[in-house]
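Chain naming follows the written order as A, B, C, D, E and F, and within any one chain the residues start at number 1.
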Amino acid sequence: MPLVVRNIPRADSGVIDALAGYGVATVHEAQGRIGLLAAYMRPIYQPAAIAGSAVTCSVAPGDNWTIHVAVEQCKAGDILVVAPTSPCEDGYFGDLLATSLKARGVRGLIIDAGVRDVAVLTEMGFPVWSKAIYAQGTVKETLGDVNLPMVCANALINPGDVIVADDDGVCVVRRADAAKVAEAAAKREANEGDKRARFEAGELGLDIYGMRERLAERGLKYVDEPPKG
Amino acid sequence: MPLVVRNIPRADSGVIDALAGYGVATVHEAQGRIGLLAAYMRPIYQPAAIAGSAVTCSVAPGDNWTIHVAVEQCKAGDILVVAPTSPCEDGYFGDLLATSLKARGVRGLIIDAGVRDVAVLTEMGFPVWSKAIYAQGTVKETLGDVNLPMVCANALINPGDVIVADDDGVCVVRRADAAKVAEAAAKREANEGDKRARFEAGELGLDIYGMRERLAERGLKYVDEPPKG
Amino acid sequence: MPLVVRNIPRADSGVIDALAGYGVATVHEAQGRIGLLAAYMRPIYQPAAIAGSAVTCSVAPGDNWTIHVAVEQCKAGDILVVAPTSPCEDGYFGDLLATSLKARGVRGLIIDAGVRDVAVLTEMGFPVWSKAIYAQGTVKETLGDVNLPMVCANALINPGDVIVADDDGVCVVRRADAAKVAEAAAKREANEGDKRARFEAGELGLDIYGMRERLAERGLKYVDEPPKG
Amino acid sequence: MPLVVRNIPRADSGVIDALAGYGVATVHEAQGRIGLLAAYMRPIYQPAAIAGSAVTCSVAPGDNWTIHVAVEQCKAGDILVVAPTSPCEDGYFGDLLATSLKARGVRGLIIDAGVRDVAVLTEMGFPVWSKAIYAQGTVKETLGDVNLPMVCANALINPGDVIVADDDGVCVVRRADAAKVAEAAAKREANEGDKRARFEAGELGLDIYGMRERLAERGLKYVDEPPKG
Amino acid sequence: MPLVVRNIPRADSGVIDALAGYGVATVHEAQGRIGLLAAYMRPIYQPAAIAGSAVTCSVAPGDNWTIHVAVEQCKAGDILVVAPTSPCEDGYFGDLLATSLKARGVRGLIIDAGVRDVAVLTEMGFPVWSKAIYAQGTVKETLGDVNLPMVCANALINPGDVIVADDDGVCVVRRADAAKVAEAAAKREANEGDKRARFEAGELGLDIYGMRERLAERGLKYVDEPPKG
Amino acid sequence: MPLVVRNIPRADSGVIDALAGYGVATVHEAQGRIGLLAAYMRPIYQPAAIAGSAVTCSVAPGDNWTIHVAVEQCKAGDILVVAPTSPCEDGYFGDLLATSLKARGVRGLIIDAGVRDVAVLTEMGFPVWSKAIYAQGTVKETLGDVNLPMVCANALINPGDVIVADDDGVCVVRRADAAKVAEAAAKREANEGDKRARFEAGELGLDIYGMRERLAERGLKYVDEPPKG
């Protein structure tokens, strides 16, 4: 029986905004290299970079009815996350739904399926990460669930988890971990700033990271000319 | 034996231009959700939006000879549609052929294969929807047909059918249906304009489309908290 | 045992720059339609066009350690070429490594795997051709080789070969052939300039290339109306 | 509005059986190298080889309702051909539908989507060529058409066309061409029999087909040792 | 920090064996059309059909070290489920690991990656469902986790969940739901038996399922001849 | 200009036969985890296991003319290796060419493209590893080279290199390395035999390989219950 969960916990908005600033690669590293959605999830325009609270929505293949149900559960600062119950690249979402979400303050859409009206979405500045761009329309016959845990593009998403998305892809951060991940990301970024200056000055990673000794231990051999044969 | 058909019927140019204005998603819906080419057909640059009469051209794998034959059959307002007789991603088409087509007033190229010189094509403003971008050259040894019905990217294209292409992909409209599809698209668009305003004002699709009763009939259940376990 | 070759021969820098100017499609044709890397190797931003000497680097799946070793072997005018020893789309390379390469005068990266921090790389103007964009981090546990011959995206690359890359993809030119390929490309381009003017003036390829007689020999038949049935 | 066409013309059953005997590769050659469905259409077990009259059936993504409608239109000697209106790999068809088709004398199924219960189908000896094997169930909410022309796996299929399918894939023969294609296939096979004996005796294709002169004309050069460098 | 959980709950062995008997398609339907792993998960030989308790194991790309750790946690009746932390098709598993698992009474392997030694595994009768068959070896440098919840081939797997796998693919059943799913599957199968007899006798699904009235409501129209034009 | 090299060196036949016996996975490991062709290269029937000397043959897309030229260069014990100059899945090879090769004592075919007549090839016992099975016919208009070094399925193949192919895929061994690789494979296999017996007896890889200490060093932690939260 299809279910909609009305109340979901959300992470602190300051923490969410901080995660948006660090970006997907840094956040993913900061939480131990976990949480990435599949590499085929690409933004419809670049650059784009957002973070927000996940409202989850499962849909039947070729059927976007549940998205209309999910919109009502979205609040300002949320990101709608949609996954079909079997793989489908139809265009579940277009400019009218984007207008509706934008009117509610929703920051973007993550959809493991197709999207359409991308020229209008680009003009509107409503960012979408999707598996495909495809004009194929959908029906409204079969219902999925809203705000239940769900796998999207090979990652588990719980309602209220923090989604971070930018030109590198999409990452999920468990709500309970968001603050400590933001802290770890801040440290990582500070550290990277130092390194960036040293790299700009021509220092090598081999020296900055002190790799030379370990390379020798692993038997790395330098020769002046390529071996014969 | 390879064949070129010289005279093909074309749709009314006013109707064609109207279809260009409505765009792929709307035209596809207006004609009953049919006519889309495969989702892998993508524009080489965005935004791009055209409509025109199909001149069809089948080519051997790795052989672009027939394209030269097809160019002569193209008139102002046409779109050249090319499909290989077996799947191939070679670069059948580049800036010289584009120059030739542009000189004839051709509006763009749809090719279920590869294209090259895309930087120049972009500068020229000659739009192409293709399966791939690939520099691989082709030979001129084997002939295909021009202006016979043909399957391209999983859609049947008859010569003279109307092709509509934009950032959402490519759609074909049967020539005989073009006027009535344009009318249906006009109605759809007018209707969407009304809805857009309501969505912008914060109304929900659930209410605009009157979905709540049918959702209840289907057993959709709202709960405040996620179910245990 | 992992190996680094320090001294590699490089082609003449004037020849390399000339090849950059002709671009991938022309260079590939000029050397007899060989040398292209797989069509899935795409630039992270467009337009982008470079040529340079290949420094080759093989890496373990999910492990970018050897890239740090390879950076030290890169000189101004080089292009770093990276291939995993089994297919992998992880994000081996990001903005810090790009900063390091840029500081050394390296012109770009070719990687048969994933890359991340693409928004920053785009801002920096550091061009990359890759199989994927993916934030997935890598480890530093297993070593590959630097400056040994290597297959990358289905093409053989020797250290010191010339890499030409633009919006059409990536092509390799053997170092010893670079000068003569540049000459052949120059002739081809001159020839294309003439043709372009004729195409712009409305002449047909059928006439410019003198194809009509051979088409007739191959049995191409022109009819005014489509055949029945 | 969904439509079922009750009466479709069928080819002569003797001709159909003859085509089954020649197999896909020969039939495809005999009709001028046309008519193949996409290479991803594979049999669920091997060997399998059938021919029959196409009953066509379009289905919505994730919805097999129309297949039940189509079954009633199938007669002994038919092959059911199913294509989704947008790409879908769900398991539209299983052992109960196969039992139903088998009871009517239907020879097999061609489906540009998924199938399930393949262990039972294999035991039953009911052959299927499909895009995928996938247990995913489907709904019964949206109708397609039965016995209208349809594109399936990149090939146009008219109701009553002859389908030939074996371990090499699937081929369609227009109903009106079936007799003449069968004749051409018979000639081709006779011719192949002669050649097979000559190949078995050690003769070379170069001599059997008289290729040596044309190879020399094309500049093929034989050398005893590989060229230097 | 990598973690191994030693004690995991398992479902009742009678229930597990019952689920094996019903097979993937039936179990998936019986639990409401959920739980399937991606369609690319295919058995290395057919027929094969097992069910067992999941021992979960995440691995680094190209690194099978953690599998050795996981083996120790496997008991008779278990199924080892392995997922890489980023997509990888390397051959993580071969005949020696299969020998080790078989010695412990493990029933099979589910791996969202590659496997090798498939000829030996087939002879041994040790069933594997994998994404790829690939001889590529792996290293032992980086650790994953054993018996933590994990996404495998787009499905969430908890340690102790019941895995059902056969020629149609792989399905997961939550441990707590196993008994009630087995009951629902039993009912479904009984029901299917009745239907099978009716289908064999030539009755139509349209009548068995009472579909005719609803088809008419949906506007399905029967015509004797195809519409013109 | 297309070239055929007549004399190619071949490895010792005893060494080649020994490599066949060890199989792809072992040979690949024995030579340092190199030499595998792409995982999409699959046998048309299983089990199949051969080794032989590579006769290399490049072909134009959709054009199998050069294969006829290559056949003449094949001797007993050889394996024909074919790669298209751009990706193509056409059926380049069927039962007549197989008959011709078999008559010459050729052991099999490796082709980075399509093959057809697979039912007959299976009956004949002529093994083929290919990218696709596809009935699509090819032309004879454009020539490639025979017995020049060539990249096939992402691996460099020199004429005379040893090809080892079995159900796990295809591996190339440099001719000059064949004897020493065979020796290393022999050692590896002997070693595996010992281990197999220990695994059968229930010993764990953790103990056989002495991994426990290093696991502890890497921080692997065992807990009895899953962590909370």
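Throughout what follows, contacts are C-beta pairs under 8 Å (C-beta built on N, C-alpha and C of every residue); 3 or more make two chains touch, one makes a residue touch a chain.
Keep in mind that what you see is a predicted model, and the values were worked out from it rather than measured.
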Listed chain pair B-D, A-E or E-F that repeats interface D-F [over half of contact pairs the same by residue number]: E-F
Chain centre separation in whole Å, for subunit F relative to subunit C (CA means): 28
Between subunit E and subunit C, distance of the C-alpha-averaged centres to the nearest whole Å: 42
Where subunit F touches two or more other chains at once, by residue number: 33, 36, 39, 85-87, 89, 134, 136
Set of all touching chain pairs, with the criterion as stated earlier: A-B, A-C, A-D, A-E, B-C, B-D, B-F, C-E, C-F, D-E, D-F, E-F
Of all residues in subunit D, those that touch subunit B in their complex: 33-34, 36, 38-39, 85-87, 149, 151, 153-156
Sites on subunit D touched by subunit A in the complex: 60-63, 85-90, 134, 136, 139, 141-142
For the subunit A and subunit B complex, residues of the former touching the latter: 1-8, 65, 68-69, 71-72, 89, 91, 94-97, 99-100, 103-104, 114, 116-119, 122, 132-137, 140, 143, 147-148, 159
Residue ranges of subunit B touching subunit A (in the complex, touch as defined): 23-25, 28-29, 33, 36, 39, 42, 46-47, 49, 166-169, 171, 192, 195-196, 199-206, 209, 211, 215, 218-227
